[in-house]
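As written, the chains take the letters A, B, C and D, and residue 1 is the first residue of each chain.
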Amino acid sequence: MSQVGLEMFQKAKFVQWLGVEILTLENGICQTKLTVREEFLQQDGFVHAGVLTTLADHSAGGAGSSLLAANERVLSVEFKTNFLRAAKSRELYCYSVCLKKGRSIAVAESEIYPSSETMMARDLRNLIAKSTVTLAVLT
Amino acid sequence: MSQVGLEMFQKAKFVQWLGVEILTLENGICQTKLTVREEFLQQDGFVHAGVLTTLADHSAGGAGSSLLAANERVLSVEFKTNFLRAAKSRELYCYSVCLKKGRSIAVAESEIYPSSETMMARDLRNLIAKSTVTLAVLT
Amino acid sequence: MSQVGLEMFQKAKFVQWLGVEILTLENGICQTKLTVREEFLQQDGFVHAGVLTTLADHSAGGAGSSLLAANERVLSVEFKTNFLRAAKSRELYCYSVCLKKGRSIAVAESEIYPSSETMMARDLRNLIAKSTVTLAVLT
Amino acid sequence: MSQVGLEMFQKAKFVQWLGVEILTLENGICQTKLTVREEFLQQDGFVHAGVLTTLADHSAGGAGSSLLAANERVLSVEFKTNFLRAAKSRELYCYSVCLKKGRSIAVAESEIYPSSETMMARDLRNLIAKSTVTLAVLT
């Protein structure tokens, strides 16, 4: 696993509080898992958009950071997320891939699925949310 | 205050857990306040992007919902947030305004500032984050 | 080919002026081609972001419209595009897929590549631009 | 007027072809005007989203470029645009303001209105489109 990326997860208290688990983190790809708790929900009983975007954003940062040199780190400049289907599963799986790692900018995208199987298959019929994340590469 | 909008805040457990306070909520405008706790931080000690987007998204939903009829409600379709300055203040203030309330779509934007004064003045030099949120209007 | 989608291309004068060609248009997927002309360029001699987003947006609309009933049509609510690599090829190829077709909202994404081969392979190393498009489904 | 910003408009062939006129360009603000021609329209007879985003993107670049040093220039990294109301006026006016000018990143937003008066008043009830644009600052 990428050491730079790993630290980004371990040192982020909000991500620790949520309980995001890293499944894979290397070569521009980051897969994560989140077990849903009751305090993550919004007014209709689904997972709040803010929890989904935290998962999508941080995993995208992981994907980008797995391509960094030891003296580099990434920081989110902006992201955009579409919420496609209500998040009502007990677990959430996020697949993030770095689309471009430039000298000062990286771009990654994240897809959130309701199960490990649908994530592995990248099954669009079950896609819960999709994010595109612009990262600044800092030295 | 808008009753539909108020319920959206009170029933959302994640927003309750964060401790988002409503300052104003009427006529397409929603102002909220969040007191920062240590578990909101990311790896560099600033407020995590996911906390900022939760505040921005939910306040935008409040702005939209303040224009709804009693049988309508809003749900986030997508949002995009730019992170302009590191969030290191102890409190965050969010100003949200509904740009358009259509029959099936509403659009709102949110600005996060580090103090009540900078929010009141909508002082761009201190703007921490800016979101645009697309909402579905459901009946 | 989807008849609803086809008309959307034939009746759009700006898309006709650009010269966008439809390669495939069915089952939620739309592939298009654009031959670059000198008047499409920006100040550095690359294709202008506005030309890229027109191609991405309209092709995404095509992908969505290929799933419509005869009495439905789509209209762009919003889109977001990341520009990953300078567009300096003589032709541009756009691959669009509909991620979700709901009753009132559809979401599609578009990827622009510099050649037919890189589009067919969806080769991320050559990806020029990536868009996510939210469409209103109107009756 | 900002010289760096001015050149960005004069050298961009696509923007010249559209006929974008600069009204003001200084101190982080850029106002532009576009007279609608028939070849700008989409399938329903309104101005195509791609024309609107070209105007919004290029004007945002102008707003950012007006704050640059002589050896700097800006390039769009990404943008997101919401289309709020059908563009059916004969002229379009765009108001762009730079929200932040950093060392390597700038962020600007653009609002498109149907008349000079509605732009001057920044009258949200007539807002046609709103964009947020992330710019890379290059040296």
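Quick notes
Note that contacts are C-beta pairs under 8 Å (C-beta built on N, C-alpha and C of every residue); 3 or more make two chains touch, one makes a residue touch a chain.
If you're wondering where the values come from, they're calculated on a predicted model, not measured in any experiment.
Both chain A and chain B are touched by C, D. More contacting C-beta pairs link the chains of A-C than the other of the two pairs A-C and B-C.
Among the remaining chains, A is positioned farthest from chain D, on the basis of C-alpha centroids.
Annotation: 22 Å between the Cα-based centres of chain C and chain D.
Per-chain CA centroids place chain B at a distance of 32 Å from chain C.
As a whole-number value, the distance joining the C-alpha centres of chain A and chain C reads 26 Å. Each of the following residues of chain D touches two or more other chains: 77-78, 80, 82, 107, 132, 134.
Interface residues of chain C, counted against chain B in their complex, comprise 77-78, 80, 104-105, 107, 132, 134, 136. Put simply, chain D touches chain B in their complex at residues 80, 82, 84-85, 97, 99-100, 107, 109, 124, 127, 130, 132, 134. Partner chain C is touched in their complex by these residues of chain D: 7-8, 11-17, 38-44, 48-51, 53-55, 57-58, 75-83.
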